[in-house]
Structures are given as structure tokens and as C-alpha cells.
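Pasting a structure below so you can have a look.
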Amino acid sequence: MTVILGQTFTGISIGAVLLLIALGLSLTFGQMNVINMAHGEFIMAGAYTTYVLQKSISDAGMSLLVALPVAFLVSGALGALLEWLLIRRLYLRPLDTLLVTWGVSLMLQQLARDIFGAPNVQTRAPDWLTGNVTLIGGADPLTVANSRLFILGLAVAAVVALASTLRLTPLGRRIRAVVQNRDLAEVSGISTARVDRTAFFVGSGLAGIAGVALTLVGPIGPTMGTNVIIDAFLVIVVGGIGQLKGTVIVAFVLGVLQSVLEYSTTVSVAKVLVLVAIVAFLQWRPQGLYTLRTRSLV
Amino acid sequence: MSGLEIRRLRVSFDGFTAVDGVDLDVRPGDLRFLIGPNGAGKTTLVDAVTGLVKAEGSVRFDGEELLGRSVHRIARSGIGRTFQTATVFEELTVLQNLDIAAGAGRSMWTMLRRRKDVPESVVRALETIGLTDLADSPAGTLAHGQKQWLEIGMLLVQDVRLLLLDEPVAGMSHDEREATGALLRRISEERTVVVIEHDMDFMRSFARSVSVLHAGRLLSEGTVAEVQADPKVQEVYLGHAAATEDATVVQEA
Amino acid sequence: MNPLKGSLRPVAGFAGAAVLLFAVAPLALTDFRLGLLAKYLCTAMVAVGICLAWGRGGLLTLGQGVFFGLGGYAMAMHLKIADAGPGNLPDFMQLYGTATELPWWWRPFANPAFALAATVLLPMAVAALLGLFVFRRRVKGAYFAILSQALAAAFAIWLIGQQATTGGTNGLTDIQGFFGYDLDDPVNQRTVYFIIAAALLALIALARQLIHSRYGELLVAVRDSEERVRFLGYDPANVKLVAYVVAAGMAGLAGALFVPAVGIISPAMIGIVPSIEFVIGAAVGGRASLVGAVLGAIGVVWAKTALSEEFPAAWTYFQGLLFIVALAFLPGGLASLAGMLRRRRARQRKATVVAVGEAA
């Protein structure tokens, strides 16, 4: 029983990480239909931001908390810059965008290698995140690392923040207007170019937050973005375009699936099985879990 | 029984019923115009017949049930359509466009070889739609009206027996409209033609029969004169302010 | 256009390429350089398939490494078994493994005919299976690209995880013989080069035939408007499937011939990064043009070898920049540059004429 619960909770914490890394994509890919392969490197930028801040702010807890807004700004600025330089020229060519941003991702990785060196670096976790919480006591205890709980909380907070921004603020309304009918939004006086850039800023900023979270569970290195980006895109593909709830549900389902399969087979076989499950799922729902229905089919 | 027979056709999207129990018969040799205000369900009806949207009820063509078949199977049973915006293969030439349309039944072996000569049906279609001189130009360089004709030509070489045309004269000049109308008359002598149209002048000049759709239901049917004389139709076309009221009136009636 | 000229040009092109590959290159290049060229030509073979699937069919296959790897591993497995000799296990299995005999799925590869057929048929079968599921349900565009990339990632991770039977991260290394010929012998290396050059020309001829056939026209039609093709009575899923499966077979053959040319196949040659690198050559040269894609692929791997050893950092920046410039600003690749220049010159001439006319 504890094993099942334990695997489920491991899965939920894998899911929380997946959710954090995919959340920004649900805005840039899910809403704006831009495939930004450099998203992984924005995550990396967030992680290195944490690392740099910890060098100047010696208190690990303080530096972590400061890193959250700073990483958001750093990655967000990178995203807005990328949008302005390249992506806005490519809105009608999604596949070319994919490859162009992959070129950007290569260059950013090399930049990280030149600045921080090729080997991975590590941050210290603050004391209040190093312990465990015992969920079930007794002879067969179920414990969860504090850092995992922190990530889960961060993921939930990020989802709530993003959802309420989209739903309640003027910016959110503009983004949804542009997503649903770009031309109509333009003639209604919305500057679609500015909305695109702002949305890209927010989406990329969320990658920065994910980067901060990743420093708590693994090393920081130039290739850390490449390692997570495919999983993040799969979450969006399975979750469906244009809806946050799909991303949230799928992130946790894939997390639990991965964890359970890893427990019953090996890590590498679990990866393959998860992919098979995804292809099977797309047989049933080729547009993902949730889709925006439109009338135009041609 | 031959021709198109639609019975109790219903299409709904997420609770919204776009087509609500329509019965429609079109005999071979007819040139039927399908009219109605925006949102009446005209395009959705054509989508349902061609398999693009799921529908309930029955759609038979020459006795064969079409509902539930995949889009390309329906196309192979002799039903072709055009779209509101002309969709031709812009990077291929006019000739290549027609050749592809003519070849759905080709064997693998034929497909894997080059085109040696132009099929007879393609030559005839080029003449019918008047694009013989432009056969080797890329379709992307054609004028708007010519693209629409090319689309109709593609249906001809497909040898479809039922043509469903969605606003074929939208955006055409007066001369182009006349030419298109004459083309449709000629085609409808041997085939069944259904045209969705907003242009009332065009309808009056060329329709053999008319069906009026409103709010997903069939409002009126008959010759142009009969339909024009129908008070229900006049109500629907009188003004937008009364539109919702009209809908309830019609439903009660 | 003059029909005679139209049919003679490709023949002349093939003849020229054959002279370059079979006479000029072996005479002008050292054995070492010729070996490198053999490796580049394998990449070009993958690019031929990418030109067909992506350039003509619009299928951005970011997982060609999988098919390259399947072909490569099929060939390498046979060669490792042959190297070990009857009754012996391949060296790495003796080193890491606990097995005392070959795993069941290795055994068929002891048969040379089976292994050779598998290098092409196995990738085609995997592509057919995946393509059937994906295209039938109309998963397309970016979704397809991401799925094909995920396939490459999963395959590489799986190979690394099975160290005892696949050699793990190291891959299958140190391959000595090629169907009884010693690969250390420069004469045999030269033969391998000739086989690769001939295979490349054959694949180009095959792709050319496909592109200029009715099927090729239909493939472009599917790329540009899939829905329309469906209304003409074709099933676009099948049209795409053929291009995808053929491209996979070409990548498989390339992988199989890469093994005797280089002597190794490993997960590092088939994961996400090498899979995208296969695409970059085709993109830079011109995805829709066979000649462009092939020359682009050769040029990019050549530049990589030339630059990356001395300036690894500079190479990565350059590669990234190449990608950005080629795709954002020159989507037709270098192949489209010639046409663009010609048009610009014509425009300038016209402008000059007008200016002169106005002045007068």
C-alpha cells in the first residue's frame, strides 16, 4: 500500500516539475502556436540565474526567493528579445520556427558553456528545504522531501497565477482575443504585435521559474534544457492546444505513469512505454485531451 | 431512386444545433440553389453530406447511404465539392491540378511513373472551363474567378455525379458571373448540381429550383417564383431586427 | 522548353556526379580524406529521404536518426557476430554481460542475408507502423515533428539503458571485418567508399523518379492542401506514408553503410541532436531540391569536421547561425539563391530601362 502511495506521490512530484516546464509552453505553443525549442534554454537561464544569485547572496533561502522574480525577468526578457528578433517574422511558418529556435537553443547552450564552463554546477538548497515530511508514520513510513513539496506548491501557484491572468486581466482578455481571431482583434484596436510580445515574455518568464525549481532536484548544466524540452512539448500535444486544464491534467498523469512504469520496469523502458501510450492516446483523441472547437475545417 | 435524398438530417456542435431535421431531395439534372441568411446551416449541410462533420439522419445518393463513410470514400462514390475560398494546389500547374483530380482510381504502378500524355477527360475539362491556354501556368497565378473554374473543372474530371458548390461566384466580376452561370447550366444537364449562394440576382438568372434554409430548418422550396412569393421567405429576408422573432414564428408554424 | 534538353540535363548531371565520385575523388584524395567523404555521403543519403518527406511532402521528420540507427545497428550486429566468430559472444557482451549466449533477438542477425534485408526493411517497418497510427488520425505539422523527435529521444535512451545487449552509451564499436574483408585494409575501405557512392547515386535516381512521377505531384498537393486532396478521393494518409517509409528506408541504408565506413555506431549518432543535424543540411542546401539537399548535407558535415575539431565553440555558434539564417531568411535554401539572383538582375535591368526611358 505504501509502495503504491509512494509511487503515486513520486509521480505527482515528477508531474509538478513537468507542469512547471510545460506551463510557459502552454502559453507560447498552446495559445500562440509558436514552437519555441529555445524554451529549454530559458529554463536553463533561470537555473543559472539562481546559481549566480547564490554566489552574491550567501543565505540559500533568501537567494532562492530572490531568484524566483529575477529568473522570471531574465528568461522573460530573453523570450521577448527572441520574439522581436526572429519569431514575429515567422508566425505563419510554424515548422520553420521550430528549426530556427533550435538554432537559437544551440547558441544559448554554447554561451552557457563559455560563461559557466561545460561541467554541471550545483546550488545549495536552503535548510528549510533539506528535510522530509512524514505523511504516514509507523513501521513502513511514507516520507516526502520538502523540496518536492515546495515544487508542487510553486507549480500550483504558477498555474493559478497564469489562469487568473488570462481570465481576469485586460492583458489576458487581449491574449485570448488575439488567439481566437487575430484579424478581428487587430481591427478592434488591439496591437497584436504588443500582445504577442507580452505573451511571449510571460511564457518565457515561466520557464525561468521552472529553472529555479529544477535547481532543487538536479544539477545545472548547459544541456539541461534539451533534456526536458521534448517531455514538455509532449505534455502540450497530449493536453491539447489552447486550454490550461489539459496541460495540468496531462502533466500529472504522465508523471504518475512515468513513476509507476519506472518502478515496474527500468527508466529507459519506461520512457519508451510512455511514448507508446501517448501515440495510443492520440489514436483516440488526435487533437489532445481538450481542444477549442472551431467551425473552419479547411 | 436516384439523385440526392436527405432525411431528418441533424448536425450539432457542443449543444448548438446547426442543422435541425432537414429533408431535401435533388433529382439528376437539377440546378438547385440553397439560400438562406448567415448561420442558416447551408455550409454545415454540405459538410455533413461530404463527411466533414458528424451527422444524424440519412443522406443517400443514388440509393447509397453516405453518412458514416470517410471523406475520401464519399468523394470516390461520385460526390465533389468546392469551398468558399478557392482551394487549388497553388504550386502545381493547371494541368497537374486536373490530372490529380482525374486520378483517384489510378494503380500504384501508374502513380509511380511520369505523366506521358494528357488524359482525354482533362483535355475536355480544360475546354469546358476555358483554361486550355493556361494549362501550364501555376494555379497560384490564376485570377480569382479562374481558380473557381479550375475547382469546378477538377470536379468534372473526377467525373462526379453530384457537385456541391459553396458560393462559386463570390468576388467575381459581372462577366465572370455570367460565364460561370452558363457553365453551371451546361454541367447540370448531365449531373446533379447544388449551389450555395448569397447573390440573389445570380440565383434568379440561373436556378432551376431553390431551397431556403433558416436557423437549421428547411423554410421553403420550389421554383424561383414560388419561393419569392412565399411570405415566410419574405419575412426572413425583410430585416435583421425581426430575425429572432421570425425564427420563433417559423418554428411554431 | 526544348524536350531534348530537358531529358539530357539530368543524364549529364548524373554522369558528371559519377565522374566526380568514382574518378576524381579517389584520385585526388588521400585514403583518410576519402574515408571522411564516405561518411559525408552517408549523411547525404539521409538528406535525399528528408528532401522527399519534408521538402516535397511537408513532413518535418526530426527522428531520422532512429532509422539511421536501426539500419546501422542491424548491420553492426551482424558484423560483431561475424567478428566474434562462431560460438563466441561479441567482445562487449563478454565484458559487461552475464549472458552466456546471444540474446534471442540478436540471433537472426547472424545470417548475412537477414541482416542486410533488415537494414532497410526494419526502419521501413517501424516508419510504417508509426506513420499508420499518426497519419490515419491526421496528426500533422508540429505535432508530427515533436512525436518523431520524441521517438529519437526514446530510442537513444532505450539503447543506453540496455548496456549488456546494445553496448549502451559506447554503442557497437571496433568493427573489424565486412563480409569477410578486413576493414583495416585501405583497398577494402576504398571498396566501401565505392559502394556508398553508388548507393547515393541510386537513391538520388530513385527519389528523382518519385518526385517527377504522378505520385510526386500528388505529394506536393497533399503538402499544400491535405483537405482538398481528400475531397478528390485520395487518402492523404497513404500518400504521406509512402514518402515517410521511403525516407526511413533511405536513412536505414545510410546507417548500414556508415558502419563499415566508420567502424562504429552509437546512441550519440542517432538521438535528438544528430536527428536535427540531418535536417540542417537539407535546409541549408534547399529542402525541396534534391541537388540542394545533397550538396547542403555534404557541405554542412564537411564544415563541421573542418571547424569543430579546432574551434568547437565557434562551430556551435556558426551552426546555430546557419540554421537561423537559412530558415528564417532563405527558406528555399541555397538552391533558391540562384533563382532569386536571376530575378533580381532581371528586375534591375527593367528598372534601368524605365529610368533611362524617363530620363529621355
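Per-chain residue numbering starts at 1, and chain names A, B and C are given in the order in which the chains are listed.
Methods note: a residue touches a chain if its C-beta (ideal position, glycine included) is under 8 Å from a C-beta of that chain, and two chains touch if they have at least 3 such contacts.
Which protein is which chain? UniProt says A = Branched-chain amino acid ABC transporter permease; B = ABC transporter ATP-binding protein; C = Urea ABC transporter permease subunit UrtC.
Nothing here was measured: the structure is a model prediction, and the numbers come from that model.
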{"item": "Per Cα centroids, the chain farthest from chain A", "value": "B"}
{"item": "Dominant interface by contact count, named by its two chains", "value": "A-C"}
{"item": "Chain centre separation (chain A, chain C; CA means) in Å", "value": "32"}
{"item": "Between chain B and chain C, centroid-to-centroid distance (C-alpha), Å", "value": "44"}
{"item": "Distance between chain centroids, defined by C-alpha means - chain A, chain B (Å)", "value": "46"}
{"item": "Overlap residues in chain A, where contacts from two or more other chains coincide", "value": "297-298"}
{"item": "Chain B residues counted as touching two or more neighbouring chains", "value": "83, 87"}
{"item": "Sites on chain C at which at least two other chains make contact", "value": "227-228"}
{"item": "Complex contacts: residues of chain C adjacent to chain A", "value": "58, 60, 130, 133-134, 136-139, 141-143, 145-147, 149-151, 153-155, 157-158, 160-162, 227-228, 272-273, 276, 279-280, 283, 313, 316-317, 319-324, 327-328, 331"}
{"item": "For the chain A and chain C complex, residues of the former touching the latter", "value": "29, 33, 35, 86, 89-90, 93-96, 98-100, 102-107, 109-110, 113-114, 226, 230, 233-234, 237, 266-269, 271-272, 274-275, 278-280, 282-283, 286, 297-298"}
{"item": "Chain C - residues contacting chain B, complex", "value": "209-210, 212-215, 217-218, 220-221, 224-225, 227-236"}
{"item": "Chain B - residues contacting chain C, complex", "value": "50, 70-72, 75-76, 80-81, 83, 87-92, 96-97, 99-101, 103-106, 110-115, 154, 158"}
